[in-house]
Structures are given as structure tokens and as C-alpha cells.
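Right after this note come the structures.
In what follows, subunit A forms one complex with subunit B and a second complex with subunit C.
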Partner chain A sequence: MIRTHERKNIRRNSGNMLILSGVFITLLAVLALVACSFGGLFFVFNRIQTTTDELALTGARKLNEQDRIGQMNNMIARCRQLVYDAHKSHTYAYEDASQLNQLAEQLHDEAREGAILLEAERQKLRVVAVNEAKSAITERYEELKEGHSLVLPWLKVAIPTTPMVEFGYAKDIRSNVAELKGIDDLEMEDNKQSFVLTDSHLYKENIDAKISTDTELHFRISSLPAPVQSTVAPARCILAKQYKSLVAADLPSVCKVEMKLGVDTGIGADAHQEMKSTGIAVATGGEKVL
Partner chain B sequence: MSITSQRGKRGGTIAEFGTAFVVLVVFFFIPLVNLSFIAVRYFIAQGLIQEYVHRLAQVEKRSDAYSMLSSDTWWKDFCDRCGVTVSSHVLKLQVCGANSGEKITVNGGAPVSTQWLPGGSKGPCVYTMDLFVDVNVPPIYSGGPSVPGITSPLPLQIAAHSNWENLSRNPVTTEYFINE
Partner chain C sequence: MNRLAAMSKKLTIVMGITSIAAAATLALAPIAKCTEHVDRPFEWTVEIDTKQLKNQFQYNGSELKELVKAKMSYFKMTDEDNKTDYEDLWYAKSKTLGMERHHKLDITQGDAICIKVKHIGEYTSYDEQRASGKAVMKAVLDAAVNKNMVATIKVPMTSFHTIAAEIENYHFAPAPASTPDNPVDSDMNLFLESEPAGLTQSFAHMH
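Now for the complex of A and B:
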């Protein structure tokens, strides 16, 4: 018995601290790693924000591809001038030059028909531009989405959700159409109705610039950055407070993309969070009319 | 007699372990947790400032960025809530030219010279808003002799950058928005 007891006492006691230190250091390392991961959530957010901005820019660039919205705005303004002038000529011919009345009437009708056709094309363009922008965003999203996934034992970052896309216009961005000169009456009428801004001499954004002589026709001029001294405004991201939703059937010039990203910390029973990021971009500006 | 001399020595180990445990916790565990929180707070502040400079770079005019920086307090308040104190901040515009190494820094409301503007002779240029923020990042426990990072806040400078977005001109003044 005594021998057995001695043998037990002979067992070494050193090494306890080594094990304890090892456990503590491991625990600390894990804590530090987990803590840094939580700090890294901001990094994850910045990443998803960059992707959302890129998608918004992709959509915005597509909206005014080859200056289609800018050209439509300019055509509408010129068509409006033509209708106004044709009506004026027709009135003059009817009252003072009856031999030209038939021709004037025909020209007026053609101008009106042109305006109606242009309005129909404008509505088609709206659908085409929006659909193409959505397709471009979806295509780019498919390319980028896989890069976000991250799986660590303590942090799981999911693939971002399919982007939600909205179209609108930007506050304080007028139209790209410069005030048209040549018809004094129309200029006066525009000034009276405040269609044209006195400082920039540009038409206001998202207006239906109906003419008093023919109120049945619509001349919708949309918001788009105007060219200034041959400088075309490049597409760019803007702040959320500048975004405005479209209220009428105007052509959009701003693309808003929202995405959500699931982040699971893996700690606790209900540690799932969703990060939401919004990217807003304004389309490339209108080009200078030659 | 022989039995008394063979008394167990394990009680001595318990006493040693207690002291060693206290030493380990006080001089190793707590300081290390203290230090690790500086890193966490730094990461949070860095992320927040990066997000903020991104917003500053998206405003319409450059003067708007300066006025936004001076009027906004939410980001400082958020830093405060995370324990990080903002002591000072500087916002600059850095313009990098087409040739490598060519760059200028524009402070405050000073205009960018024509050659560095879009379409200028130094172009095409890259315009970056740089925000430098001096912060004090404290550990969880502070007090006693002032040792930055261990018993008192660690002064650090956080730099964040974001590309300037609006490269168009103002239709009213015909000036570039970057110079307004």
C-alpha cells in the first residue's frame, strides 16, 4: 500500500500552467478573430455598396445609350416649335392668304401627326430604355454576385439578393434642351408659363410643355444633364436625397438599385442580419446638338 | 513516521495555481482583451469614415462637400458611441494626372487649375476626395499611468478616399462643378 502511495506522489505536477496558458491563448486568439470579423462587417458593407453603385451605373449608362433620351427631348422641343409655327401659318393663310390655306392646313396636319407619332415613340422608348437597363443590371449582377459569398466558422456572408431596380430623375437636374429661338410668340409663351429657366436658358425637367393653340398634344420634356460648352456630363453616382420618383410617364434619367445581403454571425440562436445597400446613378448627359 | 513524511503535495499546487492564474489574467488576459478592442474600434471607425467620404464624393459641388462635412455630426456621434473620439479632420482633393507621379492636392475651396480639369493638358485625370481624420481610440479599461493603447486612448489618423463623381459643368455658370 505504502509503495503504491509513493508511486502516486512521484507523478509530476509541472505542466499545468503550460496547458492553462495554451487554453487562454487559444481563447484569446478566437476572441480577437471573431471581434475583427465584426469590425470586418463594415468592409463587407463597403463591398456590397460598391457592387450596388456599379449596378446602378450600368443601368444609368444604358438609359441614355447613344443619347436616345437627349435626342428625343430635342426632337420633341423642335416638333413643338413646328406645330406652333404650322398653326400660326395656317391661321395667317385662313385669314389673309386663302390661296395658301389648303397647303397651310396640310402642313399643320402633318406637323400634328408628327407630334402624335413622336409621343408614341417616346412612350416606346421609355419601355425599351427601362427594359434594356434592367437586362444590363441583371447581366452584371450575375457576373458579380458570386464574389460576395464568404463562409467562415463564425461569419457567413450570403450571395446578395436579386437587385430591386427603380427609375426616376434627379433633383436639380433640368432638361438638356436649350431654349429655342426664332419664334417670338412661342418664346413669350414659354416665359409666361415658366417652361424655360431664366438663368440657364434650359427647359425645365419633366414638364408637359403644351402649346396654347393646341392643348390636345403632349410635349413631354424629361430631365437629363445638359451639355455645357461641348462637355457631356458622364454618368455618375448621386446621393439618395437627390433621387425623385417619376410621377408621370416621363423618360427616366436616374437608376436606383437596392440590394440585400444576408450576414450570419453564427453566434447565438438568432444572429442573422440583412445588410441593405442602395446605389443611385444618373445617366450620361445629353450631347450637343449640331 | 514514514507515513507522515509521505503527506500529499497536491495542496501546494493549488496555492501556486491560484497565484499564477491571477498573474495570467491581470497581466496577460486583460491587457490583451484591452488591446484587441482597439483593433475592433479602429475597424469600425475606418469603415464608417470610408462610407462617409463616399457620400462626400457624390455631392453636386465641391463646396457642398465642405459644408456637408462641417454641418454633419452623425458620423462623429456614431464614432463616439463606439468609443472613438474624433479630434480633427481635413478634406482634400487629390488630382492624379495621366503621367505617373504627376499629382496635385487642392485644399479647401481652392480651384483646380485649367490644365488639371477634365479635358485639360494633364488629363485624363483621376479626382479623389481624401478625408484624413485624427481619432483617439481608447482601450476598454483605462486609468493609471498614461500608456497609449494600454491605459489611455491611442491617437491614430484614419485616411479614407473616394473618387469624385461629378465631372460635369454647371449650365448656369459653365464652370466645372468640381471647382464650385
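Now for the complex of A and C:
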């Protein structure tokens, strides 16, 4: 009787391992699928970020192609000197040397005309640089977008959306123009107005360096990396917190690109995600001299 | 006989034309006179080196592509090797764009100066020649402000006429050379001569 009862309580162990193994393998498979999905997401995010950075760099390089913004900044600073000096000579001629008045007046008028022409060209350059940068980004996007599409059992990646492009400048990047000396009065005026940084002797970024003698004229100097020991700074990616939107009609030196990408992980019925990546790059630096 | 008469007639016509040409040359002599040597003493030379710049402002629709740089320096005639960089000027399509002064015009007040133009580069464009003329006038004004008299302006032979025309744009008119015997009544006179020598032109300031 006792033996019969004991036998009834004793379970057979022979099938347990099969069940345990089954459960374990299933768990492992689910974990592998999850890992693949997250790994895939990580991979896709890195890829879209690389593409966005590349597009931002493409736009940033185009902005200051052939140092056109750097040259404009440098010429604007030199135009200031020209107008200031012409005004000074004209004032002297008017007050003390009447025989020179006509010549001094004509040269002063020409200097002013030069400043007006330069301002018009600066505005034209702004439009050209922005449009060319946008075109370059679109062209590169067309080349890269197809490579993003991916269909796997656990991951579906769509084609990234058309990039949204913005232009601005970078915090703490001054202008590429070295302080111009040679006219003491103008140098003093610049120091008084704090147009020039005392440590680097560069003009500040995004200023309208008007001169007291002719306040109608605009001399806008834009932000652009200055060369370091005669080496021009290459275009490079920067952090999002360094980006600043342009508030006035300054020339842009930073390109910001945003892209979105639809991703389906294949886990669950409602696993559609939209990834967003932002790439910000600063333009190639300018020369200090013309 | 007839042939002789015809030849004589032709000779008369040729001689007539030659006389008219000679008279015209003499009449125009004060405007562009050939000369071998003009003695106008000066103590200082202000040299203007002009150069057409490439690869500047290269963007679509740029009005500043044809940029000319005029580099001004000065030296005392007794110390030609010791040049002082004075200022750089930039011109685009003959419009003055910018200036960078490197040094004050440290020329002794009252000293006479010579302004000398040189073109750097094999080919000198019309814009570069006009820019040279404008740079000359800037040097004339700077010298006058510094109380220096411009004794002479020496320019390359190839640019002589363009620079002369540019000077006229600044209210200067061709005039006979002012000499102690025949002074020209003007508050400012300029004397332009070519290098190598051959062409000269005097200008008087017109109000």
C-alpha cells in the first residue's frame, strides 16, 4: 500500500528538459529579435546622423566657396577705412585748403559709391550663397537617400524625408577680419565702440560697423572662422548648442540640416517610429587678408 | 609736258597735305608733346604698383570679379632701397572699393614728390589703367594734404592716354606746361610723362 502511494507521488523527470529547453530557446529567440531590432535602430540612427552631418558639411562648404564670404568681410573693413579717410581729407580741404576741395569731394563721393556698391554685392552674395548651399544639399541628398531604404523581417526603414535647411552662425566664432591699423582716429573709434576684440584683434561677428562720420552707410561684418597661424580652418560639424539663428541680413556661416526617417521595428502591431536627426556644420574659414 | 604738269600738281597736293599735318602737329603740341628730358627735381617718389587680381569674389552675378589692387609705397631718392609701404587700394571696374593704410605718409612737408606708376603682370587691362589713374589722383590728394608738391607723374607709355583721360575726369584740363616765363594761372598743376620718355602732358585744375 505504502509503495503504491509513494509511486503515485513520484513524477517522471524524463520530459522536463525538453519543456525547459523549449521555453529557454523561445526566450532566447525573442531576446535575439529584440536585440536585433534595437541594434538595427541604433545602426539606422547612426546612419541617418552621418548622412545629416554630411549634408550639413556639404552646405557649409558651399557657403564660403572660394572664400567669397571671407573676401567680402575683408573688403567691407577696407571700405570703411577708405570712406573714413576720404571724409577726413574732404573736411580738411573744405576748411583749410579750398584748392583741394573739388578733388577731395569727388574722391569722397567715389568712396561712398564704393560702399553702396559693396553693400549691394553683400546682399547679392547672401542670396547666391544660400541658394547654392541649398542646391548642393539637395543634390547630395538625392545621391544618398536610396541607400537608407532597408527591409528586414524585424526592421523596415523608409527613405529619409527631404532635408529642412536653415542658415545661421556659430556662437563664439568671431569674424575673419584682423584689426586694421594705420588711421589712428578710426582705430580709437573702433575701440570705443568695441568693434574689435582686445585679445584676438579680430572684428566682432555680425556687427554693423558704422562710422561716426557717415552713419547712413552700412558696413556689416559677418561671423566666419579666422585662420589659425595662417592655416585656414576647414568646414566642421559643431554642437547644436553652438548654433545661432541670424537676426539680421548678415552673411551665414553655419548650415543646419534636419531630417526625419520612418522606421518599423516589426515588434508588435504599433511599432512605427520616426527618427529625427540634426546636423550642424560651420563653413570653411576665411583668410585674414585680401 | 602734260605728264610733267600732272606730276607737279600731285607733288603740290602731297606737299600741301604734309604742311597741314605739320601745322596740326604744332597746334596740338601742348596737348601731347614729345620730349626727351624734363628737369623737374623731386626728393621723394611715391610708387604705385597695380595688379589685376584673380580668384576674387567668384560668385554668380558678381560685379567685383575684375579686381585691381594698387599698392602704394614711398621712398626718398637718396635711399631707394628703403621703401615704406603706404597703402593698398582696390578697384572693381574702375570703382574704388577699399583701402588699407599700412603707414603714415612720412614725407617731409614742403618736399617735392614724383608719383610713379608700374603695372605688374604681362597684360594691362583698360580697367587696370583706369584704376591706376584713380590711384594717382588719390596720391595727389594725399600729397597735397601733407603739403607736398607733385613735381611729376611718371606712367608707362602704354597707359599714358588712359591715365591722362582719367586725370581729366577730376576737373583737370590739358594746358601748356607752366614755366617761370609762362606761368599757367591755376591753383594746381600736374605734369604727366611717359616711361620710357616720349609723351608728356601738363594739366591745370579747372573750377
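As a convention for this text, the second predicted complex is superposed on the first by the 251 of 290 C-alpha atoms of A that agree within 3 Å, B and C clash if a C-alpha of one lies under 4 Å from a C-alpha of the other, contacts with A are read in each partner's own complex, and residues count from 1 in each chain.
Going forward, a residue touches a chain if its C-beta (ideal position, glycine included) is under 8 Å from a C-beta of that chain, and two chains touch if they have at least 3 such contacts.
Since we're looking at a predicted model, the values are computed, not measured.
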Practice prompt. Tell me which partner A:I238 touches in the superposition: subunit B (first), subunit C (second), both or neither.
Written response: first
Item to complete: Could you say whether A:R78 touches subunit B, subunit C, both of them, or neither, answering first, second, both or neither?
Response: second
Worksheet item: Touch check for A:E179: first (subunit B), second (subunit C), both, or neither?
Response: neither
Discussion item. Which partner chains sit in contact with A:D264 here, subunit B, subunit C, both or neither? Use first/second/both/neither.
Written reply: neither
Worksheet item: If you stack the two complexes on chain A, which partner ends up touching A:A226: first (subunit B), second (subunit C), both, or neither?
Response: first
Practice prompt. For A:F24, select first, second, both or neither according to whether it touches subunit B, subunit C, the two together, or no partner.
Written response: first
Practice prompt. Check the residue A:E119 against both partner chains and state whether it touches subunit B (first), subunit C (second), both, or neither.
Written response: neither
Practice prompt. Could you pull out which subunit C residues touch subunit A in their complex?
Written response: 55-64, 69, 87-90, 92, 95-104, 134, 137-138, 140-142, 144-145, 170-171, 187-188, 205, 207
Discussion item. Could you list, by residue number, the parts of subunit A that touch subunit B in their complex?
Written reply: 2, 5-6, 9, 13, 16-17, 20-21, 24, 28, 31-32, 35-36, 38-43, 45-46, 49, 172, 174, 199-200, 202, 225-226, 228-229, 231-234, 236-239, 242, 285
Worksheet item: For the complex, which residues does subunit B have touching subunit A?
Response: 2-3, 6, 8-10, 13, 17, 20-21, 24, 28-29, 32-33, 36-37, 39-44, 46-48, 50-51, 54-55, 58-60, 118-119, 165-172, 174
Worksheet item: Which of the residues in subunit A end up touching subunit C in this complex?
Response: 65-66, 68, 71-72, 75, 77-79, 81-82, 85, 89, 92-93, 97, 99-100, 102-104, 106-107, 110-111, 113-114, 117-118, 121, 124-125, 128-129, 132, 180-183, 290
